[in-house]
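Look for chain A in each of the two complexes below; its partner is chain B in the first and chain C in the second.
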Partner chain A sequence: MVVFGLWVINKAGGLVYQRSFADGLSQLTANENLVLAGTLHGIHAITSRLGPTGSSSGAQVIEAETFKITILHTLTSTKFVLFTSLHDVNAEPLLQKVYEVYADAGMKNPFHAPEMPIRSEKFDTRIQALLGSTQA
Partner chain B sequence: MTIYSLYIFDRHCACVYYHDWHRTKRPRPAGKDALLPGVSRVMSYQAPVTDGVPQSTFTSPRNTLVSSSGIVVAVNADEEVVKPPSSNLSISQAQGTALPFDEEAKLVYGVIFSLRNMIKKLSKRDEQFTAYRTSNYKLHLYETPSLYKFVLLTDVRADMTASLPSPVRFALRQIYAGPFLEFVVRNPLIPMDSRTQGIDNEYFRASVDRLIRGLSFFQ
Partner chain C sequence: MQYSQPQNPRMSVLSTTSLASDHFSPASSSTRFSLPVGAPINIPAKQGNKPQIYDRNLNKTRTAEVSLSAYAFLFAEIVRYTQMRVSGIGDLERRLNVLGYRIGTRVLELMSWRAEAGTKAPKREIRFRAALMSVHSQVWRAVFAKPADAIEKSVDSDDEYMIIDNDPPITRYISVPKDMEQLSCSSLTAGIVEAVFDGLGFPARVSAHSTPTDAYPSRTTILIKLDKSVLEREESSK
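This part shows the complex of A and B:
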């Protein structure tokens, strides 16, 4: 399994953290990433309305031919988005761990303002330790 | 495993065909002039019934076509003879928070359009968006070279085997290669790419229905 990248999207659809780990997806500019994160936020809202049997969650996994996008939507509407290879079975547990790191190194940091971009070295290193070592 | 609904869109973003199977929450019929004629009899605009006599309720999707006199091979643009299939059914559908069908079709198209562009931008090679899933349904897309888009909604258990190629996508390709080619492309009464009319006709609907019901994952 390969982890290509990670996004954290706040509840307003803004990209507050973006990081890529492996080549495989195209390298986008910061601006393109922001636009795509906003699009994903909108798509996520629409997909929850299209349920054929009543209410549904938003999209959880989006699949392309060689990669997939796994989305963890937390109770506070923060979205953790992980880009992995298509047949990766570990994406969901990994996202839970990312959420844990976010709580520990992001939210518990007294200098971090909620909903604002995450700029913390500790968060960076812990994410790197978690996701940077999963290349196989 | 369950199959919920099939949408076909043409390259002009218009929904040209709709068929559903096990939907419990069905959309309301489309508003007047909001949907092309010949997409789906059940979802087309239904004039308010004045006589109040409930007509026969339909039980199978095949009965959504009015076939009392011969077989419908194409739908005429002016549908003055079409009667609403069932007045009491459409009223019960209209309650609740169901979207009108035309708006639902636009949302479906919007989602696949945006996701397709997003995937293309993210991937280095020109990759196709194939599917997404939520907690209680999964949407599959198959796009033909002529930009017809076949969209199938199933439950999440269909296609969990992670085998390549996905059986649902293969089924969509079969619809394209079989019924679509035979009863739409080769049907002189169906104007392709017309922007004014859908592709619904009785042979196509019956043959899609047979194909879907024959699938190993159809419940």
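This part shows the complex of A and C:
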């Protein structure tokens, strides 16, 4: 499996963390990333109201021809979005671990303000250790 | 010995509400020891059947473990709260140091009680090296559940000693931003160490410094600068 990238979207739809992993991908600009994250936030909000039996959790997996988007929507409405190759079974447990890293290095860090961009060295290192090693 | 009591300047940074409830300050507790004149002593009835924390056996929680996450959140909030009320990094470190000092006085008391209450001949450390060793192993074990990683003596000056922790639990989740690089949140630990040394009769100034290495990015050095009187006494009692 290949992990292409990770987004963390705050509850207002702002992109607070973005990182791409695999080499040789065409890179987006910071602005494009922000716009796409906002769009995904909107799509998620719509899908969460589409359920035939009342409210639903919203989109969890979006599959495209060449990649897959897995979304973890937490209780506090923070979204963790993982871009992986199509045949990937590990995305959900990985996202749980990302959530754990976020709780540790983000929320327990007094210099991080909730809902603001994550600029923490320890978060970077732990995400790198978690997702950077999955390139096989 | 002319060494100013460190308590009073420390108290000045505390709010009055926390002073009022402080069982430690002699000012607030002196009334407890004065005898009432002619009036019967009223022992307030226990409220309900709620067990009081003072009734608990002090040894009961000796090996109990607490959640690191809970304390990490608490400490993060302490730093956040303090940071909003200070004017600079030095001030922030000083306040963390003061908070640690208040922990340290209690740690020392509880630790000596636990270690010496059972023995026939209770003792306390009177030589600095021995005291330093006991801080390195016993205080660290009581506070962080592991001994510190190293003790060093400064090569430049005789009055400086260092305790080194490769991965202090309280700063495990903290990343200090680039513009505050000099800050070490382990100032709280420095305060604890300072209180223990003060309590043992080795007045010193203790500060914390980040000294990262490649293997241990959050390695921290607790620098102990001893008061001149301590060195003189050590010298004379050789």
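Odds and ends about this structure:
One rule holds in what follows: the second predicted complex is superposed on the first by the 131 of 136 C-alpha atoms of A that agree within 3 Å, B and C clash if a C-alpha of one lies under 4 Å from a C-alpha of the other, contacts with A are read in each partner's own complex, and residues count from 1 in each chain.
Everything that follows uses one rule, which is that a residue touches a chain if its C-beta (ideal position, glycine included) is under 8 Å from a C-beta of that chain, and two chains touch if they have at least 3 such contacts.
All of these numbers come straight from a predicted model, not from anything done at the bench.
In this overlay on chain A, chain B fits alongside chain C without clashing.
In the superposition on chain A, contact of A:Pro110 is made with chain C only, not with chain B. Comparing chain B with chain C, the partner in contact with more residues of chain A is B.
Of the two partner chains placed around the shared chain by superposition, chain B is the only one that A:Phe83 touches, whereas chain C remains out of contact.
For the superposed model, the angle subtended at the Cα centre of chain A by chain B and chain C works out to 150 degrees in steps of 10.
By the touch criterion stated above, A:Glu121 is placed in contact with chain C alone, chain B being left untouched. Between chain B and chain C in the chain A overlay, the least Cα distance found is 30 Å. Against chain A, the residues of chain B that register as touching in their complex are 4-5, 20, 22-25, 99, 104, 107-108, 110-111, 114-115, 118-119, 121-125, 127-137, 139, 153, 162.
Residues 104-105, 107-111, 119-123, 125 of chain A touch chain C in their complex. Residues 69, 72-73, 75-80, 83, 173-177, 180, 185, 217 of chain C touch chain A in their complex.
Residues of chain A that touch chain B in their complex: 24-26, 28, 32, 36, 39-40, 42-43, 46-54, 56-67, 83, 87.
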